[in-house]
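Read the structure below first, then the notes.
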Amino acid sequence: MSPASAGGIVTIERRPQPIALRGEHRRLGDSLFGAAVALTGGAVLVVLAAMVVFLVLQGLPAIRHYGFFTFITAQRWAPSEASATAAVPNPYGIVQFIYGTVLTSLIGMVIAVPLAVGAALVITDVAPRRLRRPLSSLVDLLAAVPSVVYGFWGLFALIPAIRPVVDFITSTLGTVPVIGVPFGGPFFGVSYFTAGLVLAIMILPIIAAVCREVFRSTPRNEKEAAVALGATRWEMIRIAVLPRARSGIVGASLIGLGRAVGETIAVTMVIGNAVLHINPSIFDQGATMSSVIANEFTEATEPFHLESLFVVGFWLLIVALVVNMLARVVVRRGVSL
Amino acid sequence: MTDVALPAARFRQRPALRRRRTKNAVMTALLLVAVALALGALAWVLVYVGIRGFSVISPSFLTHNPPGNPAAPGGGFFNGIAGSLIVVGIATGIAVPLGVGAAIYVVEYGRGRLRGAIRFFNDVLIGIPTIVTGAFVYAVWVTRFGFSGFAGSIALAVVMLPLVARTTEEMLRLVPTELREGSLALGATRSQTVLRICLPTALPGIITGGMLAVARAMGETAPLLLTVLGNDLFTQLNPLHRMETLSLQIFSNAVTGYEQAEARGWAGALTLIAIVLILTAVARFFGRRVQVENV
Amino acid sequence: MVVKPVHAPMFAAHPLPGREADQVDGLSIDRLSAWFGRHKVVEDMRLRAPSGKVTALIGPSGCGKSTVLRCVNRMHELVPGARVQGGVHFGGVDVYAPDLDAGSVRSEIGMVFQRPNPFPTKSIYENAIIGVRIARTTPRGRLMEIAETALSRAQLWDEVKDRLHKPAVSLSGGQQQRLCIARAIAVDPSLLLMDEPCSALDPIATFKIEELIRAIADRYTVVIVTHNMHQATRVSDYTGFMTIENAGDPGRLVEFGATTQIFGAPVNPATEAYVSGRVG
């Protein structure tokens, strides 16, 4: 404000504030908001990175003591044999957990994928239109049931139900030399197979949900082309829906696999937690990477026990990361085709 | 047209047709069997838990703690229920602002590769085994500050965060660009546009997503095993100490071998399922269509 | 504008050369009405499409032309709540006979859609013979022969004979549509329905397809829906004009006759208004 004098009259000029400076407070607030929001966005990346780092850090003492690769080469997981000084042999062999994770997940997938694909096809192309939403919601409901409830149910409802069937298999197929070994008894209820069954029910809804989206993205134009040629409903599905959906189904299965790999509580309750070494039959008790952590964490008092559990956790994280990232890439490609 | 066989004959001359129709019928039946198995499993689980739990559940179950002697009948899971509500409540308070913030960043502010990376890794974070999350929080927090309800909340927040972020992102994307442009054209800043226009418009969907995340967190057990540890017999409402949650309580009671404890476990399972199902149903019913990937 | 739909008298005044009202071959639609739920979209439709000729169905958009077509090959009934009433006869056979399964009807009638829809995961060859494969009445040995015949008739053979196993989507839009035509005629249908087959194509591709329609016309009965009047004059022997009186009304046939007559000397004033470009 500069007073301009003109003949004694003082006029005070009010220079208007340039627009850019108006609402400076607002701009400041806006920048702060933007920064805050950017931080939260970065939180996702930070958390993931931190996970890897901290798990390694926690497991480091054991890695330093026993060496990185002995965890894979050692034959047994026998914490009671651990000593604070001796480093050979490594009593914390983890191969049987990797085996357990792979086996139970595989059993889960073999059962869940066909059922999920079938259910998704029914929801998108077979069921009468009015039933599609309810059916879809019901299948999704399977995903809402908590893991601990599945485990509980598995113990008390599923095992007695499958026992007669499994006993039959172990007493017939299981007695055949060589090929019967994976099916041998005795069956104590808790087993790799039981865990695989429970996993199948748990991952089915996720696979079905992704498959549903993939099938739904089939262009109507192509379905009509098939129908106009006189195709039956199954033929239409076979010609117009399924061929496009191949990579989508693979992606859905990978997502299910990722979930199966990480599932802990239900598996721990029905697998038997036999941690010593790999057991040959699918009806034997066993353990997975996640189940051993859950089972032994609170009682890990032996030397390097807790740290070795972190090594297991680290490997579990790597496996889950690889499967999940692969799954996302494949699914994105599957739906956009 | 040279008059060859009249089309009339051809409509009916279909030897292969019966085979095709049979195949269609068989395949359709197989597909229906698949759905029936899936829904049958669901029904089995719900009905079984319902029956086992119904005989034990009572108002006193919800208001009393377990008896000191696991073999004794009666009592309830009050400490677990209360503990769950507290732990999950705090976790929600952490996860929702962070998740909504991350989503706002991705939708409204993000550019190029960073935004793509955050979206991608957010999805990856959803798939991390929850036991690993628990181990992580143990390593970061429990080693320094001990087991506590709050540590459990942190773990659950890590589980909930990517879920909330994803659904919020989807809801924000649905807000029409015209609304944003209208607001900016009036001179509002980005933050004002987001806070006053976008969030309120997307709010129903965001709430739905939040409720689904809460339902998921209520059911989680693994991460709490390593952070909260549980507190079987006593009601502990202070999150700075070890607490009991409903999920942990069901877990520990299920495997005791004592019939009465197991019976309480079933009642607990019924309670937990009821809470989760009600939350899920309400969320879906009132919210807008949220992409249903409970991954 | 008052539109006076004229029915049977129209046919009597301009009889189709050499045919009685009661035909044994060719397509005949009688008093066809169609609904989507409660909404009536076609009313009292009549049409005679003689075999070996091309019959065009023209009219403003939304008057139900495509629906009429879809009633012929029983695609209309796939929409939930859709309803059809009236008679559709082809070669003397009632298409809606209760003992006739819709799939068999469709496999006797070829349909070409507005936007080309080849199956993207299949090759050119596989697309051409897919209809034949579905029907399972042809031995494998003959499939290549059939593919060559169909693709030649669709005037696509020379362009694709060296890359039959490339993906169908590697073709241009016009080529894809000719592939869809080949796919439809590979099953040797008696009736070919074309629903605005050129509307998604450029003029050159359109021209090629119109040429091929004229070339194959004598082998099939062709009914083509088009909103392009010039196309109707170039391609068809007979033309039916459909329209709606007011928005929301069902479509009705206004006039039917030889193409030259419909465009040269239309009887009904509504027809005259449409073909002269004053309306629609």
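For reference, chains read A, B and C in written order, and residue numbers begin at 1 within each chain.
The working rule: a contact is a pair of C-beta atoms (placed from the backbone, for glycine too) under 8 Å apart; a residue touches a chain by one contact, two chains touch by 3 or more.
Keep in mind the model is a prediction, meaning the values are calculated, not measured.
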Where the centre means the average of the CA atoms, what chain is farthest from subunit A?
C
When A-C and B-C are ranked by contacting C-beta pairs, first comes A-C
Could you put a whole-Å number on the gap between the CA centroids of subunit A and subunit B?
14
Whole-Å separation of chain centres (CA-atom averages), subunit B against subunit C:
52
Residues touching two or more other chains, restricted to subunit B: which are they?
20-21
Hunt down the residues of subunit A that sit against at least two other chains at once, touch-wise.
232, 235
Going through subunit C residue by residue, note those that touch at least 2 other chains and give them in order.
103-105, 108, 134-135
Which part of subunit C faces subunit B closely enough to touch in the complex?
24-25, 51-52, 90-93, 100-101, 103-105, 108, 134-137, 190-191, 218-221
Over in the complex, which subunit A residues touch subunit C? Could you list them?
129, 219, 221-222, 224-232, 235, 239-240, 243-244, 246, 337
Interface residues, subunit C side, partner subunit A - complex
73, 75, 78, 80, 103-111, 113, 115, 117-122, 130-131, 134-135, 180, 183-184, 187
Within the complex, which stretch of subunit B touches subunit C?
1, 3, 6-8, 10-12, 14-17, 19-21
Residues on subunit A engaged by subunit B in the complex (per definition of touch):
26-27, 29-30, 33-34, 36-45, 47-48, 50-51, 54-55, 57-58, 114-119, 121-123, 126-127, 135-153, 155-157, 201, 204-206, 208-210, 232-235, 255, 258-259, 261-265, 269, 290, 293-294, 297-298, 309-310, 313, 316-317, 320-321, 323-325, 327-328
